[in-house]
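Okay, so chain A shows up in both of these, paired with chain B first and chain C after.
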Partner chain A sequence: MLLVLVMAISVFIERRNEKLTLKGKMKIQELLEKIKANPVESVVSLNGEIVTEDAVAKDGDQVEIFSVVSGG
Partner chain B sequence: MSCNNCVDHSVYVTLHHEKLCKNCFIKYFERKVHKTMLKYKMIQKGEKIGVGLSGGKDSVSCLYLLKKFTGKQGNEIVAIAVDEGIHGYRDKTLVEAKAFCKEQKIPLEITSYKKEFGFTLDEYLRKHKVNPCGVCGVLRRYVLNKAARRLKVDKLATGHNLDDEAQSILMNQLKGNIGLSAKLGPITGVLMHDKFIPRLKPLYFMTEKETTIYSKVKGFHVSYNVCPNFGENFREQVGSNLNQLEMKFPGTKQGMVNSFLDILPELRKRFSKGQIGVCQECGEPASKKLCRVCSILQ
Partner chain C sequence: MSRYSRQELFEAIGKKGQQKIRQATIAIVGVGALGSVSAELLCRAGVKKLILLDRDFVEESNLQRQLLFEEADVGKAKALAAKAHLQKINVGVEIEAFVVDVNFRNVDVLKEADIIIDGTDNLETRFLLNEFSLKTKKPWVYGGAVQDRGFVIGFTGRSPCLHCVLPKAQGVGTCDTVGVLNTTTTLIASLQVNECLKLILGTSVGDVMHVKLMDNKFDVLKVKKNSSCKVCQGQYDYLEGRKGQEIIRFCRTGSFQLMTTKRLDLKSLKQELGKSGTVEDLGFCLVFKNMKIFPDRVLIPAKTETEAKLLYNKNFG
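Up next is the complex of A and B:
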C-alpha cells in the first residue's frame, strides 16, 4: 500500500468557520489576498503564534485567521 | 519579521512601520492607553470607577488596564455587565466575564433588561420589527447608567476604541446628526446632569486590531462570538468602508479622529446650549419630555 501524505498550508478562517488548504509557500499578505480578507480586519496566527503580514507560511503550517470586528 | 527592539518575531507593525514583538507590543499598547488616561485626566485619586463589561476583547482589556493603572492610587474598580437576554450569545460571554472578574478579583455587578424592563431583548424583538442594534444600544446605555448610579461610581469607563469612534463620527456626518458628534470624544457628554455618570474611553486611540492582538497575546479568555442580531447595518457598512480606506491609505482612521478632536471644542460650544431635564415617565436624564428609552417602550 502506498501512503501519500499531501502537504499543504492548512487555513482556518474563524469568522466564516471555514477550513481550506493552500499549496506552496506564501507570505501571509498574499494568503489574505487569496481569501479576500482585509489585513486591517484580520489577526493571523501561524502555528499558534501571532504574526505580521510579512511572515511566510509553507506546506505543513497551520494558519488561523481571526476577525477583529466585534459585531456585538 | 524581527522586532525593531529585540530578536523576537514581530506580532504587529505600527503606523510608523515599527515592528514589535509580543512583549514590546504589550509595552506599546499599555503606554498608549496610560498616556490617553493621563492626557485627558480621566481618573482622579479616590474616584470609584465602573467599567462596562461584556466579556469581549475591548471591555476586558479596558477593565484589566484600569485596574493595573489605578491600583496604586487607590481607585475602587467595579465591573458592570448587562444581560440583554440574547440567547446563545450573552449567556456565553457572561461566563467569560464572570471568570475574568473572579481571576482578577474585581467585583462584578450583573444587571439585565429583564430586571429593568420586564423583558429580554429576544422577547422584545419577537414582537417588534426594529433595528435591533439601535434599540439595544439605547436600552444598554440606560441600564448601565442606572447601575453605575446605584453603585455610586463617579465615572463609567467603556471599551470603545478608535474604530468605534471613527465610525460614529462618519455615521453622524452622513446622517446629518452633527450635534450627536458633540457627545463623542475620550470623555463623553456635552451637558452635565447629576443623574448622568460621565463616560470614559481609555482605549480611544487603540484600533480594533491592536485590541484584538493585545487580548490574544495577554492570553485573556475572552469571547470573540458575534451577536446574532449583528448584520449588515449602517455601522457595519461604515466600518467596512473605513477599513477598505485604511488598507489603501494607512492612518485614515487615526487622521479622521485627530481632525475631529481639533473641532470638538467648537462643536461642544455650539451644542452645549439648552439643558438636560428629566424624563416625565421614568425620571432619568432626558433632553425631551420623554427619554429615548421611554419613547421606544411607548
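Up next is the complex of A and C:
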C-alpha cells in the first residue's frame, strides 16, 4: 500500500468553490487573513470539527471555510 | 391501522416514541420557508401542540417555497394563514398562532414549548433564542438556508451553543439579495424536524449538518463547547435587551419595523386615527395609510430610516 503524506494544510473555501494549500503551522485567525476571508461571516472546520480562530492548523490538516447562513 | 402507524412501525420511534411525540409542544419562531415546512411535518407527525409565531405577511414571492401558503393567502398574516391550513391537515393537533415579532420583551411566550424550531431569517433573533435556550435549558434547532446551501444544528439547551459555533457573527438584517431554492429550504426544514424528533426521543447527537446541493456536498461536523463562550458562561446580551435592533428594515417589502416606546391601545388609537383617514381593523393590528400598527410595533413603508422615524413620530410619538 502506498501512503501519500500531504505536507501542507488543505483549505477549501466554500463560497469561492476554491481549493488551495498553505505551508506551515498557523492560527485559524492568521489563515483567514491570508485567504482574505471575513471572520465575521465564516464558520471554520478543522478536520471535521468546528473551531474558533484560536485553533491551530498544521501540515496535513483539512480546513474548510463555510459561510454563515442566516436566511430562512 | 392508526394514523401514525408508519412512524410506529419504524423501530427508532415505535409506539413508545409516538407517545412521546403526541405529548410534545413545539414552538416555531418564523413561519416562512423553513417554519411553514417544519409546521406541516410536525403537524402530520402528530405532536400535541404547535405554537406558531411570525411578524410577517404572506407575499407572492413567498409562494415559490413556503409550502403551506397559496395564492389566496397573499396579504394575510403568516402565523394565522398557517394555522388555518394546519387545522385542516390534523384536527388532533392544538395550534396557537401569534402575529408577533419575537424579542426580549415577549420571548417568555416560548416557555410552554418543549422544543423550539428556528424558522427565522436573521441572526439576531437566533442569538436571542440561543440565550433563551441556555437560560431555560430548552432544546432548539437552528436552521439556515440560502441559495443551495444550508446548516442545521440541534442544540440541547446546554453547551455547546450557537455562540460557540458563531462567536464573531453579528446580527445581520433580513435582506434577501441572493435568492434561495425551494429544494434547499424544504431539505433544511426536514432535517430540522428530524433533529426535533430525535430531541423528543432523546437520541440527538448534536452534530452540525451542512449541505451544498448544486455540488452534491453533504457534511457532518462536530462541535464542542468553546471554553471562552460568554453566552455559555451566562452573559445574555440579547435576552436582557443590551443587544438587538429597535428598528429593522424589511428589504423585500421596503418597510421598517419600529418598536413602540409604550404599548399602544389599538381601540383608542383606531378612534384617534379615524379622524384623519380610513382605519382598517384586522383584529390583531390596524392598517392606516399603508402602515400596520400592532400594540408593540409599527410596520412603516418608507424609503429611509429617517423617513420611517418621522412618520412614526408624527402618528404615534
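The definition used in the following text is that the second predicted complex is superposed on the first by the 62 of 72 C-alpha atoms of A that agree within 3 Å, B and C clash if a C-alpha of one lies under 4 Å from a C-alpha of the other, contacts with A are read in each partner's own complex, and residues count from 1 in each chain.
Keep this in mind: a contact is a pair of C-beta atoms (placed from the backbone, for glycine too) under 8 Å apart; a residue touches a chain by one contact, two chains touch by 3 or more.
What you are looking at is a predicted structure, and each value in this text was computed from that prediction instead of being measured.
K.L.:
In the superposed arrangement, which partner chain does A:14 touch: chain B (first), chain C (second), both, or neither?
P.N.:
both
K.L.:
Who does A:69 touch here: chain B (first), chain C (second), both, or neither?
P.N.:
It touches chain B and chain C both.
K.L.:
For A:49 in the superposed arrangement: first (chain B), second (chain C), both or neither?
P.N.:
In the superposed model, A:49 contacts both chain B and chain C.
K.L.:
Taking the stated contact definition, name every residue in chain A that is touched by chain B in one complex and by chain C in the other, in rising order.
P.N.:
14, 39-41, 43, 45, 49-50, 52-54, 66-72
K.L.:
Within the complex, which stretch of chain A touches chain C?
P.N.:
Per the touch definition, chain A meets chain C at residues 14, 17, 39-41, 43, 45, 48-50, 52-54, 64, 66-72.
K.L.:
Which bits of chain B are touching chain A when the two form their complex?
P.N.:
So the residues of chain B touching chain A come out as 1, 9-13, 19, 22, 54, 56-58, 89, 93, 208-209, 211-213, 216-217, 224-227, 230, 236, 239, 243-244, 246-247.
K.L.:
Inside the complex, what are the residues of chain C that reach chain A?
P.N.:
These residues of chain C touch chain A: 30, 32-35, 118-123, 126, 143-146, 149-151, 164-170, 172, 176, 180, 185, 208, 210, 212, 215, 219-224, 226, 228.
K.L.:
What residues of chain A sit close enough to touch chain B in their complex?
P.N.:
Answer in residue numbers: 14-15, 38-43, 45, 49-55, 66-72.
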